[in-house]
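I've put the structures underneath this note.
Note that chain A is present in both complexes that follow, paired respectively with chain B and with chain C.
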Partner chain A sequence: MTQFGTVTDATVVLGIETSCDETAAAIVMGGTDVLSSVVSSQIDIHAKFGGVVPEIASRAHLELIRPVVAEALGTAHIHHERIDAVAVTVGPGLIGALLVGVAAAKATAFALDVPLIGVNHLEAHLYAALLDDPNLEFPAVVLLVSGGNTLLLFMDGPGSYRLLGATIDDAAGEAFDKVARFLDLGYPGGPAVDLAAQRGDPRAIEFPRAMLHDGLDFSFSGLKTAVMNHVRKHPDVSSDDVAAGFQAAVVDVLVTKLLRAARETSARSVVLGGGVAANSLLRSEVERLAAAEGFRVALPSRAMCTDNAAMIAAAGWYRLRDHGPSQLDIGAVPNLSLVADTVRTNRAASHRDRR
Partner chain B sequence: MYLHADNLDDTADIARAIADLLRTGDVVVLAGEMGTGKTAFTQAAATALGIAEPVTSPTFNLVHTYRGGTLTLHHVDLYRLSRTDEIEDLAIDELARTGAVFVEWGDVGDDIIGDHLEVRIAVGESDDQRDFALRSVGRRWDARWDKLRSALSVHTVDEWGNP
Partner chain C sequence: MGQSVKLLAIDTATEQVSVAVGDAHHVDAALHVASDRRHVEALVPAIQLLLGNLGISVHELSAIAVDVGPGLFTGMRVGLTTAQTLADLAEIPVVGIDSLSVVAHGALAVSPVDVDDADIVVPILDARRSQVYWSMHRNNFSTTNTLEEVRRPRVGDVAELLEDVMDRGQRALIVGTGANRYAEQLASCPETVRMGDRSGSTAFPFDPHVPHASVLLRLAAARVETGAVINAVEPLYLRPPDAEINWVTR
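After this line comes the complex of A and B, so read on.
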């Protein structure tokens, strides 16, 4: 820890995130103290387009990155000279979108002469729970459920994790989004299904629970198709009952596998992350069933579950402390995988240990 | 060319026949309503290309790239996109320089995607049955069309679905 000084509770990290739809920046001190977290959420624009996202273009990030970073500094009431390091998402994500954040982070780190830290977006989601609950007990099993991912991870502590299971076809959030669109429930799809399901009877229609008793991987493509087939054959069916039956099937599979993973790995805590973690049934079922089995439950706030830059800054703080900074010539890695990145990180760590 | 699949094995067989003829630079546009199996079709093609990694839906991430098969496969999804400039930002022609590109919901960007093979999928009478319409846009498949036709002969039907 010599070339970049000591990483302490007073170390201030600027986090930048542009991997997908959101342009985000945050200031986090000491890895857990969020001084500001700004997300350029475009929900109102999305709604106009009926679920279609017009903001994926890199030029949108390009327009938003400067004001979003300025807003993060302003809200945190700090001058840019107070920044000790810059953390940025290098992948996975869209190359054009990632490059905007990476270029901005490099320029900022270079201008301020502070370390730059490349962060894996998926790994960063694991730190979101720590931001809301710094006393989280490890080992923990994390269920990361969003539009693009459905992952089960075992986490020994910050920076130490392994993949237990993942979707083999559609992500859970994608199924919510597509079912909402199919039932014409509105956008965003997750909250729309959640709301309709509260009016419906979850037992009216029994939808399939794919691979429920089979390993820790997930499959939601068949469920999506089953919903569509059911509605095509029963055009007069209540959308609320379909939403309730669909949501019950998704949550049943997610919670069953999360708890099985926690039991099999002797975890102390179960943690939710990703946009679907905002689903009310998922939250209440995890709370009820995990508590009954004696697990501690960490349910981060919706702001921390969805894409944000505070988790990037937090992940960056731990990575800087444990592995040091990245080179200034790091690039965006659109297909960055969580497991390969873990292997690389662990290899780098063991290499350093030998020295 | 019209094809009929009685079950998932037939669908995989059709995907395999196309995959066997693929080269770097090919773009395959997958069209069809939600739940017709565009991702499943791509999974079958990926298996035929020797890709061991699980192929998952690219709807939210927009582009997934799989290396390690006989050909690099870029799996693209235009479901969330609407404007032409967004589709242009995905640079499908640039992706095609390094492999084959499968584009789900590609028919929404038909006019900006260059030469391609269009695979239109529809659900048949039963849940597992599928009807396919294959169409080559541009000249890229001309030299391979007869090979493709003979590889798919057991699944071929006329435009009214008769064998």
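After this line comes the complex of A and C, so read on.
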């Protein structure tokens, strides 16, 4: 059994993730060495509803958790006796979905007599880039963009970060989903808009860039409304052009603010995370513009951008090393925020530094 | 009594959480938490406390028993996931028992009514949205010391339940949270008689209208002793999922 304080490069963490519509398990050694990462997506099950149906997702997690964990162990050629700690997403996410993963993680930690580590799903996204590039240079500015979040964070190193900016209304991924649904492009919205945009002309329609020169916060609800108004006024407009114009506006705002934040904080690297980080225009623009200004660029692979359990295990390894295990009576927290968690994390860190 | 099987029973199919350790004849330890739906918070610490006090580990158990519902979906899933995971890691069987059977058998212990062989026992659990879950059991108490299920668990409104009871034309001994919630409507049927209301009973210190792990333990242990065990359990939802859309995406 690994005790708090003896977390090493050989420490094997089982990660479990069930916060939304992906049942995932992974085995990660030493916080960065991914021995296996299994993701079972329920996209097909939810596609006909055009969104994630919580009760359907929860039922699927219950069916999938056992085979997914077994596959993660099998692929890593690890017997369960070799697991040193169990990390699990405790929030944010759908309560019924989270509960399946938390129950499985607790039972595993208890039966194997190893530490349990509750992990913030958003914080875990920050570790995805580290998994792909363990030599990532800090300080870094991280743009975390998903269906539920649009956040700009300054990261000194693993486990130490502060919020620079966030969306004041819709998340970027939410805007992608709503526009995809409005244009009938399919589900999930991110890849659907990305594909249509590649066929369209991004300069055909000029959509507004809200708050482009105004701080590090974001707003996307006005853009979504502008798209809808344009299509209502011009019913014959090409959906591909609308998708391209919309995507160009979102990416322009995201990249502009990411680079401004990097400049203002004298960061060495810029990092992308979250499901929207798989967007092809966002990736190419960040790569092009950040390189031009001399920032190192960390673009996690698509598999690491989207929800997975390797990032949960990695975040768990750092959390165990720096803050110790969670209690067995923890619950799932559907609206767990990164900021509140960050405050706690940073307070604990500064306390330790003073000793 | 010789080498007996030792089971851990987990019941989280309603708002309450209960766990028990023992065999078909004895409850070595039991714990009940009126959890207010904090199933995932309460369950593993409760198991840890019980096993710790008995000085045994999960690996010394011969099987895990779990209430598979029908009941509260989130609670059922916490119980099923926990039971299945513990059983897999300890490499022991897992036994699923439905919540209505647990309520029916629990009620026998505290019933103020003498259960006659001609009666049927009807456990009824509140399913919300003006519906109830129920099943029917024939009394085999005189011969086999148990109840025999004659109607599989089902879901429906109270009118359907009453129709089902009338169709059988037997005295129906009703018990469970559904029997309480719809007491007035159910009393309109001349065949129904309430069970489980012996106040101040010391024989069974728990609410007899809610499934409890100590009863589940006894039913599951009897099944293990006859060798009828399996290695995977499935939930008994009885209702399709709500296709209520929540626009959450990754």
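By our rule, the second predicted complex is superposed on the first by the 330 of 355 C-alpha atoms of A that agree within 3 Å, B and C clash if a C-alpha of one lies under 4 Å from a C-alpha of the other, contacts with A are read in each partner's own complex, and residues count from 1 in each chain.
Assume a residue touches a chain if its C-beta (ideal position, glycine included) is under 8 Å from a C-beta of that chain, and two chains touch if they have at least 3 such contacts.
Just so it is clear, the structure is predicted and the values come from calculations on it, not from any experiment.
Colleague: Answer with first, second, both or neither: which of chain B and chain C does A:T306 touch in the superposed model?
Modeller: second
Colleague: Of the two partner chains, chain B (first) and chain C (second), which one does A:E174 touch, if any: first, second, both, or neither?
Modeller: After superposition on chain A, A:E174 lies in contact with both partners, chain B and chain C.
Colleague: Could you say whether A:A197 touches chain B, chain C, both of them, or neither, answering first, second, both or neither?
Modeller: A:A197: touches no partner chain.
Colleague: Considering only touches as defined above, state whether A:S146 meets chain B (first), chain C (second), both or neither.
Modeller: In the superposition, A:S146 contacts both chain B and chain C.
Colleague: Could you look at A:R66 and tell me whether it touches chain B, chain C, both or neither (first, second, both, neither)?
Modeller: second
Colleague: Contact-wise, after the overlay, does A:N335 reach chain B, chain C, both or neither (first, second, both, neither)?
Modeller: A:N335 contacts chain B only, not chain C.
Colleague: Have a look at where A:A107 lands relative to chain B and chain C in the superposition and call it first, second, both or neither.
Modeller: A:A107: touches chain C, not chain B.
Colleague: In this superposed model, does chain C or chain B come into contact with more residues of chain A?
Modeller: C
Colleague: Considering only touches as defined above, state whether A:A249 meets chain B (first), chain C (second), both or neither.
Modeller: After superposing on A, A:A249 lies clear of both chain B and chain C.
Colleague: Looking at A:T225 after the superposition, I want to know if it touches chain B, chain C, both of them or none. Which is it: first, second, both, neither?
Modeller: first
Colleague: I'd like to check the shared interface: which positions of chain A are touched by both chain B and chain C across the two complexes?
Modeller: 20, 49, 51-54, 56, 58-59, 94, 96, 146-148, 173-174, 177
Colleague: So in the complex, the part of chain B that touches chain A is made up of which residues?
Modeller: Per the touch definition, chain B meets chain A at residues 34-35, 37, 39-40, 43, 54, 56-57, 59-65, 80-83, 85-86, 89-91, 123, 127.
Colleague: Which of the residues in chain A end up touching chain C in this complex?
Modeller: Residue positions touching the partner: 20-22, 49-56, 58-59, 61-62, 65-66, 80, 94-96, 99-100, 102-104, 106-108, 110-112, 146-148, 173-174, 177, 188-190, 275, 306-307, 328-332.
Colleague: Which part of chain A faces chain B closely enough to touch in the complex?
Modeller: Touching chain B: residues 20, 49, 51-54, 56-59, 92-94, 96, 146-148, 166-171, 173-174, 177-178, 181-182, 221, 224-225, 228-229, 334-335 of chain A.
Colleague: Quick one: in the complex, what on chain C touches chain A?
Modeller: The contact residues of chain C facing chain A are 38-45, 47-48, 58-59, 73-74, 77-78, 80-82, 84-86, 88-90, 232, 235, 237, 241-250.
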